[in-house]
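A, B, C and D label the chains in the order they appear, each numbered from 1.
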Amino acid sequence: MSRTRLEEFSDGVFAVAITLLALNLAMAGPGHGPLLHQLADHWPSFVAYLISFFTIGIIWVNHHALIGNVAVVDRTLALLNLVLLLFVVLIPVDTATVAKYVTLGGQDARVAVVLYAAAFLGMGLSFGGIFEWTLRTGRLQQPLPERARRAARLRFWTGSILYLAAIAVAFVSPPVALAIIGAVPVYYIFERTPAGSPPADARQQ
Amino acid sequence: MSRTRLEEFSDGVFAVAITLLALNLAMAGPGHGPLLHQLADHWPSFVAYLISFFTIGIIWVNHHALIGNVAVVDRTLALLNLVLLLFVVLIPVDTATVAKYVTLGGQDARVAVVLYAAAFLGMGLSFGGIFEWTLRTGRLQQPLPERARRAARLRFWTGSILYLAAIAVAFVSPPVALAIIGAVPVYYIFERTPAGSPPADARQQ
Amino acid sequence: MSRTRLEEFSDGVFAVAITLLALNLAMAGPGHGPLLHQLADHWPSFVAYLISFFTIGIIWVNHHALIGNVAVVDRTLALLNLVLLLFVVLIPVDTATVAKYVTLGGQDARVAVVLYAAAFLGMGLSFGGIFEWTLRTGRLQQPLPERARRAARLRFWTGSILYLAAIAVAFVSPPVALAIIGAVPVYYIFERTPAGSPPADARQQ
Amino acid sequence: MSRTRLEEFSDGVFAVAITLLALNLAMAGPGHGPLLHQLADHWPSFVAYLISFFTIGIIWVNHHALIGNVAVVDRTLALLNLVLLLFVVLIPVDTATVAKYVTLGGQDARVAVVLYAAAFLGMGLSFGGIFEWTLRTGRLQQPLPERARRAARLRFWTGSILYLAAIAVAFVSPPVALAIIGAVPVYYIFERTPAGSPPADARQQ
């Protein structure tokens, strides 16, 4: 199979999902109170938009780095990638749900945050699965040395651990759980372990 | 014509269709009962989402394998591919319909499942048409030997036969028909006849 | 500028527009009468869907053939292409409008069909503009001989002439105007003047 | 990282955002008055559609020219590009808001125009950030000479300055502010400083 088509299809899904996120920010329009009040009431939507946008953006950057170093695409990788996209595609809908419920408190807020974290956890676990798949001999263009492998494994599983923590915390405090979820893309933006990156000469492709 | 643009356009349509599927999972929001109850009532949407997502995913994998081995793109292939996409594009809407009606029983449930199976049947028949088109001399980069051709023909038409069976069964039991439709992607995930795949050296493209 | 990015961006817009078309086919859901009646009442949506789908599909095929033979992409071509996409993007919305109004008769049906034909006319005129742009020396990889040029000019302007005719006819009979609009993609499917096609060796790209 | 994937993902986002713009033009349908009146009442939507369409179109052309000349893609560029897309994705929603409120006058019209200009300003500032990033040694395939650099800097920051002006003017006259926003793509269509363009031989890629 062709790595290019796997990347193009995935990029298409990432691009559509990230663009649909903004639809949750639509204002109700005239007859629903002053626009400034509508904007102010909408603040959880803006926070959730920022978190979801950068999380999808970072998973795209990481997907890009990991798949760009893959030597062969087989059906197992195609399937793992589909499972990853299954969760990516859920994010716009779960973002809308969390924005509607997180400020209401009670069980609904807890359920909404757990749903939201669960979509990200599913995304993180499938990404981890893809990473583990790449470690078998011959699957990377430039195999990772043992040391880099450990660093990369830590790097790729950290997100999933934080999402699990967010699910546990959501039962006590949904806003704190949301803050943990929001911290994940910030971690990946500043974390710069170079492991798992494609070789420098791959960029000409 | 360029095979690349056929693939890119098709990948775009597959990516948008697969992402739109999740819009059917949107929660009604506050004022429509506890979120957990909304989720529980929504279970047919989740089942239909999983079936449609993996069916589109698998047809994408198969499309990829088949078109990746094509040597020339003519107007007939472009047109057959358009017919395939005509049905792919119907899937999000028919998924929403089946999720709304399948649990209601009666004639509406039957009609909804028949509509859903018919979209997949149309997709399967057009895919079969593309496959038959590839069998003429000179249309594949690596022609299939007679034996592989028979295996591939069985492989590519099995889905259509199962969708026809689902339509027949829908008149008796819509849920069983839905289970048959859901079994098709599972069959293609585990079925591994290598026929119709592009040659190994095509992956560098 | 890169021809590839012009093609990819255009393919993205074509793919999203063609997929959004199907959203007009969504059923209202339980509580709006038997599903079979909803489907029957929805027939103008299905007819409009087929017309719009194949029209966008054919313009994609023609775009593909024309741009694939272009040697240089300058700002004028990028701008002409944007104008083309401006009209492509209007098609899903105008398709929904024509489906809602064409069977009602009266002035509303006329206005809806004129709007629909006008979007296609705008698309046809911008496509014609792109075609005329390609005729200047040095803009095609394989310049068209004078004879092929005349055939191609006839070919690319026929659509616009038919859309103009549809606008005139709409004032008398909206359904006949719709039939003319629907005849355009059928014409392009069966018309096979090879003019304007990229050279055979361009398909490897 | 691969420049190609950065371009493909960005093109996907631009394509989806530009196509979603047209959804704001949907007619309410039968029962909401004559279609001609609905169209006439909808004129701010058509104006806002044209402005947003050509603004996204021009930013796509400029993005294309700037990124096409980039020699290496690092995480900083990927992140700056994500911030650019964060604002691009907001445009369909802010276009809908401005169309609904600009003719109502009062504070709501001011807020709607400021929101709209702010999305474009965010887009302009991130684009300027990407431009400044490219100026460091070794980041462009063909470095800009000092003179071209000044011209390009003026060129890429002019949009942001006009959007800032539009925000200031919106407090006095929302329609004039809208006219300034609409003038920006017109400026970029006719402005032809060739600075920042990729070398001519990059177009074969």
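What we mean here is this: a residue touches a chain if its C-beta (ideal position, glycine included) is under 8 Å from a C-beta of that chain, and two chains touch if they have at least 3 such contacts.
Keep in mind that this is a model prediction, so the values were computed, not measured.
Peer 1: Determine whether chain A and chain D, two copies of the same sequence, contact each other through the same residue numbers or different ones, counting it as same when over half of the numbers at the interface appear on both sides.
Peer 2: Here the answer is different, because the shared fraction of interface numbers falls below one half.
Peer 1: What is the chain whose Cα centroid lies farthest from the Cα centroid of chain D?
Peer 2: Relative to chain D, the chain with the farthest C-alpha centre is B.
Peer 1: If you average the CA atoms of chain B and of chain D, how far apart do the two points sit, in angstrom?
Peer 2: One centre to the other, that is 36 Å.
Peer 1: With chain centres taken as the means of their Cα atoms, state the distance from chain B to chain C in Å.
Peer 2: Taking the average C-alpha coordinate of chain B and of chain C, the gap between them is 26 Å.
Peer 1: Can you list every residue of chain A that touches 2 or more other chains, as numbers and ranges?
Peer 2: 8, 11-12, 15-16, 20
Peer 1: Can you name the residues of chain A that touch chain B in the complex?
Peer 2: 1-5, 8-9, 11-13, 15-17, 20, 72-73, 75, 78-79, 82, 85-86, 89-90, 92-93, 96-97, 100-101, 104, 107-108, 111-112, 115
Peer 1: Any idea which chain B residues touch chain A in the complex?
Peer 2: Result: residues 7-8, 11-12, 14-16, 18-23, 25-27, 29-30, 34-36, 39, 50, 53-54, 57, 60-61, 64-65, 68, 189, 192, 197-198, 202-203, 205 of chain B touch chain A.
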